Amino acid sequence: MALIITTITLLVVIALALIRAFAGPTVFDRILAGNLIGTKVVLIIAVMGFLFGRPDFLDVALTYALINFISVIGVLRFVEITRRSREEDKS
Amino acid sequence: MILDLFNYWVVIALMMIGFFIVIARGNLVKKIIGLNIFQTSVFIFYISAGKVNGGTAPIVVEGAKLYSNPLPHVLILTAIVVGIATTALALSLVIRIKANYGSVEESVILKQDKL
Amino acid sequence: MISHLPILQVIIPLLGAPACLLLNRPNLAWLFSILVSVLTLITSIALLMQVQAQGTISYMLGGWEAPWGIEYRIDFINAFVLVIVSALGAITLIAAKDGISKEIAEPKQPLFYVSFLLCLAGLLGITATGDAFNIFVFLEISSLATYTLIAMGDDRRALWSSYQYLIVGTIGATFILIGIGLMYMMTGTLNIHDLAERLPAVTASNAVLASYAFILVGVALKLALFPLHFWLPNAYTYAPNIVTVFLAGTATKVAIYLLIRFNFDVYEISAPQFKYMINMVFITLGIMAVIIASWTAIYQTNIKRMLAYSSVAQIGYMILGFGLDSVSGLQASLLHLFNHALMKGGLFIALTAVALKLGKVELDDLNGLAKKMPWTFAAFVIGGLSLIGVPLTVGFVSKWYLVVAAAEQQQWYIIGFVLLGSLLAVIYIWRVVEAAWFKPPKELQNAAGNVTATTSREAPVLILIPLWILILANIYFGIDTRFPVSISQQAAQLLFGGA
Amino acid sequence: MELIVSIISGVCLLAGSFLVLSGVIGVIRFPDFYTRIHAAGVTETLAASLILIGLMLIAGWGIVLLKLILILLLVLFTSPTASHALGKAAWKSGLKPTNLKQRNEDRN
Amino acid sequence: MLFSIYGLISASFFMSMDAVDVAFTEAAVGAGVSPLLMLATLASVGRYQKKPTDPEIPKVALLLVIITGILLIIGTLDMPAFGAADAPAHQHVAPRYIKESPEEIGIPNMVTSVLASYRAYDTLGEVVVIFTAGIGVLSLLNFRRRRRNIHLIDDIIAIDEHKILRIVSKILIPPILIFGLYVQFHGDFGPGGGFQAGVIFAAAIILYVLFFGVKYAHQVVNQTFVRVFSAIGVLLYGSVGVVSLLNGKNFLDYHVLAENPTTAQHIGILVIELGVGITVACVMILIFFSFIENIEKVIQELRK
């Protein structure tokens, strides 16, 4: 029961975070929302694994956690790189 | 009866959004994003077709009788790889186009070369 | 090893490509890829002979029987297409060394050969396979390689053309994927032969019709069928010349093969109520392609572009043959497929030679060039005559069969349009011939800009040899028509009788 | 004993859900980026830990538990790091926190 | 960024549809690789200027899209209901995979058995597609000889030093690599396999590049290395097939590799998955390096 409630809550949370992702207003807000959704998806998968009685899905959750981190960091890095090269452009 | 197909219709809606972005947007990068959405929706379409009610993931476990259809999964694995390959190639083309034309807007490029 | 011919056909270039990358020296890569392509050609000829001797060959990959594993299924029609594709691949590669020397920088040349082999392997794979999803995979191999090859052109417009082709091609491939998915849902199989057997059971369903429509549109995009042809002239014009030779000879041919396969094999009986309508659509589109594309070709000043539009027109003839929906109509289409590969290959190689000398192929620059490059332009004239459809060339043979097929059904207006198309071809070919042979050379411009054009005369031997191979084949098969005619007849009968 | 474990796990899961929810409400409602990152970053780590611990309690001994611990470790490592990087990047890009006092005065 | 979220969500959708392996891949690709590539492109292309689009095209496009959509919906009308177990798709070919693959192939993950054995040839095609894309990117972006040991991007990376991130990634990268190996070799039993492993491996390298610079990364994996190994992966895959050919069996028939059929299948799948993993990892790294190098080129031009 608690599992189902958790799943539903997580789904609601993802939906709400999507609003923030669309609304922005800055790139960083979007990245924040993306990160939020990423970690929530990890949790959802873990919970769903238990819900369906297939806990071996956790591998996927692990990968998600990794990829999510790498892509958030990577995206940040690229935002920075883009900005730096623009600044050089101006100077 | 109608609700049985609801899942497919959502996929179709998504597919058409992607398709629309591809043909209507002038920005080359956005076109590629549209193409990606288009492709992903086709993937979802396949995967939906592979789902069996009450079935579980096609990895053998004790006690499970009904599995979802593994074949669409295999096909889509291949298709995802194909998709990312296309995306990578398309993006590098865009980079070269930008380097040569100074723009990634379709209209600007067409104006420059009268293609 | 004989029983493994079907897979060797595809696997030789497929694995040759990464091996070629490891060589990484332009000349070495060239020699190696010629070796690979010649082996491929030999395999395809052996395969054709095998098919003639034993009938349809089926090869189970991985040793898993058909609907579960992937099957290679070679019958007359794809054996025939395999020969065309691999022959053109080998011939084009001979000319490639000189052909790309100016257009592609040396460090990139090995990559050119790798992509070329991959493209060849992809096209052969599409043709040989008997599995619907496998078609999609190999379609993407060949397409990605093609985009790469086109983008190697030295004009920046090549990039844009490649991008345009990429978008169109991917949409086409995705459409095909949707079609395959719908078919799979209705039948539960991916094997083409199995599909053809299982589809009649679900004939009346909308899903099957929708899948038919999607595959048709997807293939038509790849095929550059008339209203969807907009990407082709750009792609052909700005691609490196050698690539244009190869693409014009093979890529659309393989797409036509796919259309034949799906139209006559898979969906043969599944949509009888729509058969008439679809035939009408084919005939109308075919005629429009012939007339409108030929008309546009007349106004082009860039000869490559002109020939590209002419290709669209020639595809129209082939589609026309489909629409007649009879053994002789299909036979005419198949014949034209073979012949068009010969003549367009020859014409584009001739243009490669010209471009190597002049750097471009605008009509005005050709004035008087024939006196400097007599061999090249003699070849061009013969190729052009073949394109028009003058007797004693292959072009005549296929048009003759097309006319006969139309006469069989008493569709006289088709004959009229075929003749009109030929007349238009006379006009655009004549413009080139006139400029090259009868106009005085433009000495002023040459003296100012281009020294090499006056000092070195004829094109390199390595380009002339493949050029004349193709041109002589044009004449040979125009006189001795037994080989293509018998094969195409057997193939057409197989499709109509065996379905 | 089993009952107690499952009750504890249920409590953990529910508490985690509550935290997640409160976090996202913060992300939606808070006025500027820095307050939002505060809402998200702070709740996230604890919430994820709670949910994962809840799952661990159900899982019992075995490879599943090990994997859950790995995920937990990973989350504990990456989540604060990501928040930190995000905040730092935003700060360096010149994004300034909204001055609430100022804004309230403006409104009045 | 929205794109990455889209990737994540569609991946979780796959998850709920029981497609674990697909979810795995989509997670790696949709949420990881393609957004990174998109951003790398934006970094060198620059943010687009807002422009009013041509008002004419959307109308035609809209019409086209609506027609296609209606066609598809009509097509779906008489399709078997979603999730129905008696749909033809679940009746014909798939039952054999489900019933017999555990005995015939001897591994529990049916997706892997179908992918790597029944339809192994498709997978070879898939590897070649990736390889082709690698070649394409290489020929498009690496058109000039690189200047040795000058890495402008490293300067930029050094400006924002991120000490904390550096340390965290230093701690994380080795476990990521090990996890990649786990995914590679665990594909027989759970979700995973060569492709996913390759992407994870490449992701670790990318993480390294982003924080320690191209220069150091090149010391470990330089261009030539990556190039050669992307070809070797394909050849490794192909060689399994050639071995079966030489032993008189059909291409990619693993039964020649060992006496016991399931052992043979195991060996075959292991080797080809390794081939897939090598090629995918190398091509991903190759593509990423090419993109990074291009950003450098853009910066250099700006400096002039």
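Chains: A, B, C, D and E, in written order; residue numbering restarts at 1 for each.
Operating definition for what follows: contacts are C-beta pairs under 8 Å (C-beta built on N, C-alpha and C of every residue); 3 or more make two chains touch, one makes a residue touch a chain.
Nothing here was measured: the structure is a model prediction, and the numbers come from that model.
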On the document's contact criterion, could you list the chains that touch subunit A and likewise touch subunit C?
B, E
What are the chains that subunit A and subunit B both touch?
E
Moving step by step through touching chains, the smallest count that connects subunit C to subunit D is 2
Could you find the two chains linked by the most C-beta contact pairs?
B-E
If you average the CA coordinates per chain, which chain's centre is most distant from that of subunit C?
D
Distance from the mean Cα position of subunit E to that of subunit C, given in whole angstrom:
31
Distance from the mean Cα position of subunit E to that of subunit B, given in whole angstrom
14
Approximate Å spacing (C-alpha centroids) for the pair subunit A, subunit D
12
Nearest whole angstrom, what separates the Cα centre of subunit A from the Cα centre of subunit E?
20
So which bits of subunit E are touching at least two other chains?
20, 40, 42, 46, 72, 76-77, 79, 87, 89-90, 93-94, 97, 119, 122, 125-126, 129, 132-133, 136, 140, 160, 165, 172, 190-191, 298
Touching two or more other chains - residues of subunit C:
133, 137, 140, 144, 147-148, 151, 178, 184-185, 190
Considering subunit B alone, which of its residues make contact with at least two other chains?
19, 49, 56-57, 59, 61, 71-72, 75, 78, 82, 85-86, 89, 93-94, 96
Contact pairs between chains, per stated definition:
A-B, A-D, A-E, B-C, B-E, C-E, D-E
Subunit D contact footprint on subunit A (complex, rising order):
1-3, 5-6, 9-10, 12-13, 16-17, 19-20, 26, 28-29, 31-33, 35-36, 39-40, 42-43, 46-47, 50, 55-56, 58-59, 61-62, 65-66, 68-69, 72-73, 76, 79-80, 83
Flag every residue of subunit E that touches subunit A in the complex, lowest number first.
1-2, 4-5, 8-9, 11-12, 15-16, 20, 23-24, 27-28, 31-32, 35-36, 39-40, 42-43, 46-47, 153, 156-157, 159-160, 165, 169, 172, 176, 179, 183, 186, 190-192, 196, 200, 203-204, 206-207, 210-211, 295, 298-299, 302-303
For the complex, which residues does subunit A have touching subunit E?
14, 18, 21-22, 27, 30-31, 33-34, 37-38, 41, 44-45, 48, 56-57, 59-60, 62-64, 66-71, 73-75, 77-82, 84-86, 88-89
Under the stated contact criterion, what part of subunit B meets subunit C in this complex?
19, 22, 28, 31, 35, 38-39, 42, 45-46, 49, 71-72, 75, 78-79, 82, 85-86, 89-90, 93-94, 96-97, 100-101, 109, 113, 115
Contact residues on subunit D for subunit E in the complex?
77-78, 81, 84-85, 88-89, 92
